[in-house]
């Protein structure tokens, strides 16, 4: 419907309504050398299982929120609306696919294989026919998925409904791993966090994920205008389904939840450095002198840095917060004669919001020229 | 799912997630003497016609947004998802009703009778069996609705898809009116505004409405956290379905869109006065003297006032904006000896965001004691 | 200056500019039985000591932010702008006072007596002549203040610049206390927090404070539109300077910083209960049944509750967040036959954001009728 | 002062306080080919005339708001605080300059020559000694300024206090112009707009300005966190005082107020094109076909476009809003066979928020390749 006569009303803002359906947020997370950073959510539901929205809503909301790719992963075994909704397991993908195509959003065919623990719930991504996954034995279902080329991940491994007291790795998961039936694991799901999963991912060479497992509209759970839903950042060679698949099988992901990033140093470090621009005003730092450095954070991520080792010959701030889209000005202060002779000043910070294991943060070295 | 270990993460805010499903906005629009002000939306859709959400979403989002009542008004004649969804016209109500009851939200059984113009689209509210409205002749359908006790309103009377060049009242609508088959009319629908409808409502004694006609989740169209969806304010004797029905048939509504209010002076005026608290500091206004008045706006509505007639013996601000939940301080300045002899100071303002016809604003008199 | 032609511009919002100078925020913290809750800041600076604003700015910004009272407490002994500014210690009060009077803001004459530790910095409030406080001996200065009727508080007792490693109570402070020269202490100053001060206040019967010690404009340090500056809540019998003085000497204050409140249970408990409105829907809780309670938080304070003792015969939420100006709906679930026989249901929560000592929270009992 | 123990408090956010003094907003307005876009305010006051802040506040707030340059332009003839403040006309610059230097903000020495109309108030920028401007005759004062190398602009030419009924160009201004004593004019001042000034600037070759004329702290008048103060955009060859001076004398400025831009097409057009990134998905537009174009607005400016001439062989949206930092997706629809033969599709839009005279908008041609 269109506007009529509305502009004659004081304080009636029509702009947001007119353009809402056409405008898309930009998530500012810069690419790193060699890879595009794709913003993805590999775990969502619709009315075709126990979700509360039509499949096209999943595509539209993802596009508006600035995502590159999603998978609709309706449960194979749990369809509480089946009295009203009569269709097969491929239907939600088929309904969503034309809209995804027209919006240039990558829609990955998926399904959730849903069992009690062990092995719990697993998502199969890049499948070809979800109907064939309806099997009595969970191993048969997973083998069928793998035979279709699926990437398989263990969802919410520490979900209290299935693991009330502890978060365990079961023998069944080892068996899945040995049989090439397990490739990834959720570190974040919805609002839950499973630190054990980071260590398992490292040890067993699994890909880390941060997914929503969303059932209602995303806007009812997340502040989609100002913040972002849990996202799996995929470092892909191309913005295509194939590019995502290759990246997942090669473990090039970061799990991203609020301002927290979990993954491997080889990705976290370049992501940090691609997020900032350093401006070093000319001038040599000398003893009892000071030198100002401006650091612009061009990403949406707030970085929290903590000094882990004093610089040689100078003091640097013990902690630095790099707020998104702002310039932070820091001051280095010379504390010995030695500093005047150095052409480079190295500072060592751990990044409090970047985790490489359940207990360790990423540590980075920043080098400023001293001239 | 529950939280685990999350609090060890810096800058990870878990509060909003934990409480999202239990917490409800309060729309601050105060009651007026004799009536409660109920916030209602009488026009919404679900997957059971051409909407995009499961019926429970309509209830949950309305509850979270602070509404008192909604009606799900799925189309009788237009069901594009019927290949996948096989249920009768009563089903969306039946699915939503238990949740509404547990949340104490009033859910009114309704349906949209959907024809080309004339007579266009009409909502039947307070029906008992939607299936019986599936009739070839639109008059038969409306008579059936009325026989079930329905209140009937004409939806989006100026919708461009049906009235591209003009907004007309057709003979069919006169016929509906004469046969007690038309009781209300939408002044606002979604983002559209039909000023002609205000005048028709006045002339033909119809009840005014402001509804969303929402198809996607409301959060994809409206800023539900900071603003409100289009609302019909119902001035009811009780917060019950019966209370709403009585109020609708007695034309006690205001159509409320952004900060604009459309209706009858007998409701607009008390609503304005219940929205403000005046603090008049002691002291007599004399010639060349000044007197400060504080006006607190305790409602969510921003009022824009414009002086329509100079005060006798004093100057008052030519325009005043009363921002929501703030105190506005205004100054009266004596300009003749006469003012010192007056015990009351009257100012006459029109309210730019309150409309009583397509061209006229509500005008109010504010009286300050002068002592 | 006034607007001209501006409204012809699309998307040019003039309203906020026009009304900025006249409109005042409302801090929603309800009164408690017997006392008004006044929002105060007893520690501010201007260009007449080492502050950066003209005295009228302190009044205007306080009025706009919704405060009831402030004190300008320029340093007696530290006046770095004295080369440019030549006036005595009473001048900042004299400049600010007429504006305060016209805006009905209470301006309390004060000064900061500024020494190294011990005894550090002390504010004297309700003085009559600041010039007489310029004395060589700090005890002489404080006695002069007391003889003028001053209330004296110890500022930022744990300030790192003066107490780098520990926060100590010195012999000098005991001496001040014994000589009626110390009546209050800051628990919050600017962005600092001194938990030791809560225990000292309790033990030595001092009044607690939360002040800004603001030097630049408040808007450069605090988000004055959406949040509040550190505030001392004063529970006064009247909104007058005398009312504040009586309350301070009788220790009726709460130190309020972000959403944290520090003080005595006899004030914290009624403040909590005046902040909420409970709606208990009729119906008896029975074993295996549930009962819904709605709690509306009508204050600006977010309360975080944690269950400290299970209810008898029923379960209540382990934690509850009461977001400001929202309704939180909680569910009680019967877990024994006993509950059906109870006419009242008691729940015991500690309030995480209310502190009665450096380590203890306020604990409250909420009673719901069970009918 | 530093933090202590604060992190033990729930919901106490310390981050913004810690970093507030070091972090600076980025105003996203991209450079254009050949020129840097500097964000400047050439009209501000301090306590040394009738302003309300210490000179360092002007520097600090400008730096925090992301500006590149300001001028402090205290009145020569109006110094209401002279009873308390005893210093010469150069003092406010001298106090502010060291801080400006350390923050790398360009501070331009200036003063406001303040007379009744005609010629009203004029700012002299790039002067060397403000004391010499204190002259009985306004022409003498302006000549002195010019002899010091000043750029001179007419402030708030339509200020109601001086021109209550009309906005006139006086003979005196012609005389100033003829004597090289007038080089620029304010189109925006504070919240005022003078459309006549655009036409005078065009006709008489004056440089356009948008300045604040700020007296209180900027945060008390503008929403400095989310929006921007009125700004003069300077298109400079270098980010230096000399670069700004050269640009001003060569009329390379745009007056920028909220989302409105006023200036010359030769600057407005490249600014628009540097603000957007167009993504044209491959595919030829044919009759009855459609083609999607994504336009990313990388600037802070919201652009409002209106179609001024239909495309040849296709339809384009009648109006487009390009929201800041979002991608707007538009659809072109083929409406004749002709379109398939075109390799380029031209659309002609006027930009509603870009003005080249008091009545005319900038008009731009956007060309999409059709392959």
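Think of it as A, B, C and D in the order they're written, each chain with its own count starting at 1.
Note that in this section contacts are C-beta pairs under 8 Å (C-beta built on N, C-alpha and C of every residue); 3 or more make two chains touch, one makes a residue touch a chain.
Please read these numbers as outputs of a predicted model, since none were measured by experiment.
Between chain A and chain C, the least number of touch steps comes to 2.
Chain A and chain D, compared by their mean Cα positions, are separated by 38 Å. Counting partner chains per residue, chain C has residues 11, 15, 18, 304 touching two or more of them. Chain contact topology: the protein chains form a single closed ring, every chain touching exactly two others. Interface note: chains touch in the pairs A-B, A-D, B-C, C-D. For chain B in complex with chain A, the touching residues are 1-6, 9-14, 16-18, 20, 47, 51-54, 56-57, 60-61, 64, 81, 83-87, 91, 95, 156, 158-161, 167, 189-195, 213, 216-217, 219-221, 223-225, 257-260, 302, 304, 352-353.
Interface residues of chain C facing chain B in the complex, by the touch rule stated above, are 15, 18-19, 22-26, 28, 102-104, 281, 292, 294, 296, 304, 319-321, 323, 325-330.
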